[in-house]
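When the chains are written out, they are named A, B, C and D in that same order, and each has its own residue count from 1.
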Amino acid sequence: MTFAVRTWDRMSPTARLTAILVPLALLLAVATVIGVLVVVPATINFLGANLPLVRFGVAVVGILVLTIPTAFVLIYMELKIIARMNLRVGPNRIGPWGAAMSLVHGFKVLSKEDFAPTGADLPVFTLAPVVTFLASVMTLLVVPFAPGIFGQDFNIGLLFFFAMGGLSVLGLLMAGWASFNKYSLLGGLRSAAQIVSYEIPLTVSVVGVVILAGTMSTNSIVLAQRGSALDWFVFKQPLAALIFFIAATAEANRTPFDMTEADSEIVAGFATEYSGMRFGFFFFAEYVNVFIVSALITTVFFGGWTAPFNWPWPYNLNWLDAWSIGILWIPIAGIVLFVGTDIMAAVVRLLGGKAWTAPSAFGLGLLITGALMTAAVGLALFIAFDWVQGIFWFMAKTYVFVFIVRLDARHAAPRPGGSADGLRLEMAPARIASQPLRDGNRRDHPEPVNAR
Amino acid sequence: MTFIPGLGIAKGMALTLRRFFEPKATIQYPETRPDIAVRFRGRLQLLYDEFGNIKCETCFQCAQACPVECIDMGGHDTKNRFYTHWGPAETYGERREESAQRRSGRPVPDQAYVHFEPIDLVPVEEILERRDFDPGEMLPILEEVQAAYGYLPIAAIKHIGHVTGAPYALVYGTATYYGHLSFERRARTVAVCRCTNCLVAGSGRIANAICEGLGTKLGAGPVGGVALEQLLVHVRGAASPLVTLDGKPQPNMTETGAAAWARSLARKTVA
Amino acid sequence: MPPRTTRTTGRATRSAAPRPPHASEDDPRIMLDREISSDLYDPVPPYPTQTEREAEFYTRGDGEMFLNVGPHHPATHGVLRLVLKLSGEQVVDVDPVLGYLHRGVEKICENSDYYHVIDQVDPLEYVSSLFQEWAAVLAFEKLMDVEVPARAEWIRVLSGELLRISSHTLFMGFLALDLGGLTPILYSFIERDEIVEMLAALTGARMLFNYFRIGGVNGDLNHEFLSRLGDWMSRAAKQTEANAGLLNENEIFVRRARGVGVLSREMALRYGVTGGNLRASGVPFDVRRAHPYSVYPALDFNVPTRLEGDALARYLIRVDEVRESIKIIDQCLHNMPDGPVMAKLPRLLRPHPGRAWGAVEGPRGMLGVYAISDGSDQPFRFRIHDPSFVNLETVPALLPGNLLADTMAIVSSLDPVMGGIDK
Amino acid sequence: MDRNLKRRLEARLEAQLRGPIRQRQDETEIRIQPGDVPDVLRTLHDAVDLRFEILADLAGVDTGEHMQVVYHLWSETSPDWLRVIADGLSRDDPRCPSATFLWTGAEWLEREAYDMFGIVFEGNRDLRRIFMPPDYTSFPLRKDFLLPDDAARSTGEGVRHVERSHAPAVVADDPAAGVRRAPAS
């Protein structure tokens, strides 16, 4: 060993570089040869044998890729909508109208140092965010986005959803317990109490729908609601829909049920000691939860990707096949683009007057024609393929519910809880029990006694 | 308090939804500036008069009155003789060492130190003894020091500041506030009247005699505490060759007597 | 827990000189990992308990735990530390720890002249500092028998009532914030900012005004202030109704605030609680009516009183008081006399020896000042009585038995301001 | 200047009054011995024609020779504020019976008086420091309080030598050096 060390010291830097690279290259060559001859064909025919495994792998990767943009969109929506409700403007400095804000949030969370407090139980502390994030992300497998597009069509779809909901509680408990901080302990216990107590109404309210649809697979539930809006289960099970909506908001720990991280009582609940990317996982998990909750409400009660009225399409455009696109449509598109920009530039010059110099007018013209053409193509696609419609309707309904969850979220509804509500643990102290809530007279509080 | 359970929350939601579309209260700060009230006192700024020089003469009243001692000021006095400073020393890097040394008891050279001629401090000690070192009676102390020395020597002011514990700027502030206290030895002025009948009576020759007696020229600054100036207005009813000392006409001034008188005057003021 | 061992890379250790001793080695204040021990986290005081109450509080029963709420906590208004003894989520006992914001105002005032005292007194109840100035000025005017011109009195009432509205608006926002609603606090800050901008136009400052003088006020009404006031008055009533309406009918808010932290009438009187909290328990004591000062006898306004004494009653009292203040401001604008705003006073004030007690009705209760002068130009003793001090004193009596979520509701409904408490 | 309040007070508290009842503007002032504070406050609170229910303030005062405890009371029977001064507490061991038997609110007010003046209130079950740290030794609002002595006694000395408070070294009396000379003691 000392001989190698001595020679290593005496070698020049280039010599050292070659001494490392040459054996590495040899190893690589041998590995590829073996791979090509033996390993690759074996995997191919194995995969060929059981295609569903491939589909599952693709679905999981797709979902993992999909969650981050969904979380970004939802964070941006939350910032802007709540700001507007509070008579504020919300982020508008980073990116157009502040759109890059959530991206920057992501980078900030990534760049922050995530340390563990002294005395924290390190393995549990680091695993907690992973469990919570994966639990809420995996529920996306079950959500049917469009007729052919969904993660995995389990026949026990809804059961899978509730199981994952329960699993995220485990993550919160682990976080609460491992952070060696009384506030997070309280936060963790509260989250356990809250989700357990709201799981029951959530599950029971869905039983009606399961009986109506005959199965628990979310895809077939949506298929059972096809037709016009009247066939949606919400009209058949209105009370169940209401209960499901409230219980689902509680499941997602959203205001007015954010007892788990009630800022005014237990600082930041289970996430008090977390910082950096560990907090990032909790942060994204919460927003993905909101998306899932809204997605599930639309799937189960508002007919998933079915159109609200009897949509005459899809109108199959069979004259639009590959061959004709290649020959006919691309040149036409090119011509339309050029002619369009000239016309638009002229219009801009006419209206805008001298201020618009030639290049900027052409730029604007190009922009407008481009926009018009994409709209046209979108419309064509929309008419042509049913999954495009499916995604459109599904996303529309989901984001309506995200808005509604947001609407009652940050407004005046403070947290229920405390002694005046059911969350109280069973130790009902004598004082509160003996305190008669006076609902007798017409107004709870008599007219103020004005002593002049 | 209505009785339909969801109505209150629904009304709250309605209000927030309505506020969703109302104009916002945020001001895009750098682009649109808030309109600050005219009488807003939030800005600490020095005032300039119409000629552009600062209207502040470092009298330290504001610095002493400031409750949180946030005003740190220093300046040279009008004749640029010495630099006075008021304010917390720790806020400035270069002074941090100085205050640390002072707290640890080691002598600290006064960076703004301007040499001034040492004086005999015994009279000042007696005056302070009589006033039992009370900074509250700063004005009588300064008046007695002026009576004892004829003016307020800088060493005396520094000593009073040190001994009574009053900040130097308080002593300086009181000294500059009152007109009858002055920092320079009161120069005695000899004025010779140059009106026609005085010139006829020989005041020109008397002026020259006084010049070499005092060793100064007509109109030059005070030398050895005496200055020779030209009397602009002949005092009514005074004798024709009129010479005044600090405004008092001197009787029967002759050419020969004038030189001797001037020399004795110069000797007297130096003491 | 074994200290983290640092990985020793091959080359580094061989050539590195022995590490210079770390500066913190001899500095006891910096705590190294190995010294963390479990008893460090028990807030049992590190000194022998002195009084029986302290001993009784700091002995922990089975299943109980201490929780430090504060001094750095989102729901304590300012720097207050409540040591809660919890069993589960239910509060068994509370020991408030004060003094984090104590800067010895009474000692500073004893070493400063009579003008200086008015600046010192501003930061006490910083949310409504004009009232603190008013109490001090009232006491000094009694000491020196100063005759305050009528216009100055009316301006004082006008600016005082404006500040009372802004302070109550903030209270409503903070109560909703502590119960979890995030929107009302922003609406109340918008409301408060308008009023504070208006007062900046009149007095020159937004928060610590330093506007009242002994014998009058610093500056007369100017056009900018009156135009902003007129513009605000036109929509004041509608705005306050909308903001209050957001909370009054909200079922969750009402359910959480009703029947929580009930302060009975005898307990309120025994604790010396004054202001909105006392009137919410049925005692119609308002210094402006009970012991009229300034021009309040000439003003027509009601003293709203309620009987329940719970957090909701305290909230509704303040909503009524905002309506009353708007009425008062209206009357001030109508019969504002003209004339000087400042009495003739010598520059150097040396009141002859004597004692005076000036009390004013602040948004949180009676603000009292007991000034003793010994003939010199500095007050001999300047005693400040702050209403939040005794309001906060009821917390150890109200909290036990409630849940952690209610503690925030109760403490916030008492509206303590730590500046005045810690003096 | 409520004349009949003066009459009622003299009628009720004849024995305990020390000195005349002074009345100025809207305050009435009576002086009593610290010993009979409990029964004076009891009569003021319970007497039908007095009924001073609200304890406006409880303040400690150090008059240089002795200490005082000043109670301000209010009752709807009279437009005046009533000031009860318990005078004559000795400076080295000021003791005064507590008012918590009537007003529980006096507990913190007495804690503050103890913290600032060192007045011990017998009967107050929680008499400890309220503003100052529990191991603080001096009483800041007393007239003989001197900050340098308090700083020297306090445990708050820093670690670095500069923060330790030294006795300032006596330096030669040389005004030219412009050096601070220890005042002639």
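As a convention for this text, contacts are C-beta pairs under 8 Å (C-beta built on N, C-alpha and C of every residue); 3 or more make two chains touch, one makes a residue touch a chain.
Predicted model, so just to flag it, every value in this text is computed and none were measured.
For the criterion of most C-beta pairs in contact, the winning chain pair is A-C. Compare each chain's C-alpha centroid with the centroid of every protein C-alpha atom shown, and the nearest one belongs to C.
The distance from the centre of chain A to the centre of chain B, each centre being the mean of the chain's C-alpha atoms, comes to 72 Å. Averaged C-alpha coordinates put the centre of chain A at 43 Å from the centre of chain C.
Centre-to-centre spacing of chain A and chain D amounts to 64 Å, using the average Cα coordinate of each chain.
Among the residues of chain C, those touching two or more other chains are numbered 183, 187, 190, 246, 250, 252, 254. Annotation for chain B: residues touching 2 or more other chains are 1, 9, 12, 15-16, 19, 25. Among all residues of chain A, those that touch two or more other chains are 85-88, 411-413, 444-445. On chain B, the positions that touch chain C within their shared complex are 1-2, 5-9, 11-12, 15-16, 19, 25, 36-42, 65, 67.
Of all the residues in chain D, the ones that touch chain C in their complex are 24-27, 29, 53-57, 59, 61-62, 70, 72, 74, 76, 79, 81, 83, 102-109, 112, 116, 125-135, 140-141, 145, 159.
The touching residues of chain C, counted against chain B in their complex, run 108, 112, 115-116, 119-120, 183, 187, 190, 197, 200-206, 219, 222, 224-225, 242, 245-246, 248-252, 254.
Those residues of chain C that touch chain A in the complex are listed here as 1, 33, 36, 65, 67, 73-75, 87-90, 176-184, 186-187, 190, 246-247, 250, 252-256, 258-260, 262, 282, 284, 289, 302-308, 312-313, 316-317, 320, 401-409. Contacts from chain A toward chain C in the complex involve residues 82, 85-88, 118-119, 182-183, 186, 190, 255-256, 258-259, 262-267, 410-421, 424-425, 427, 429, 431-432, 435, 437, 444-446, 448-452.
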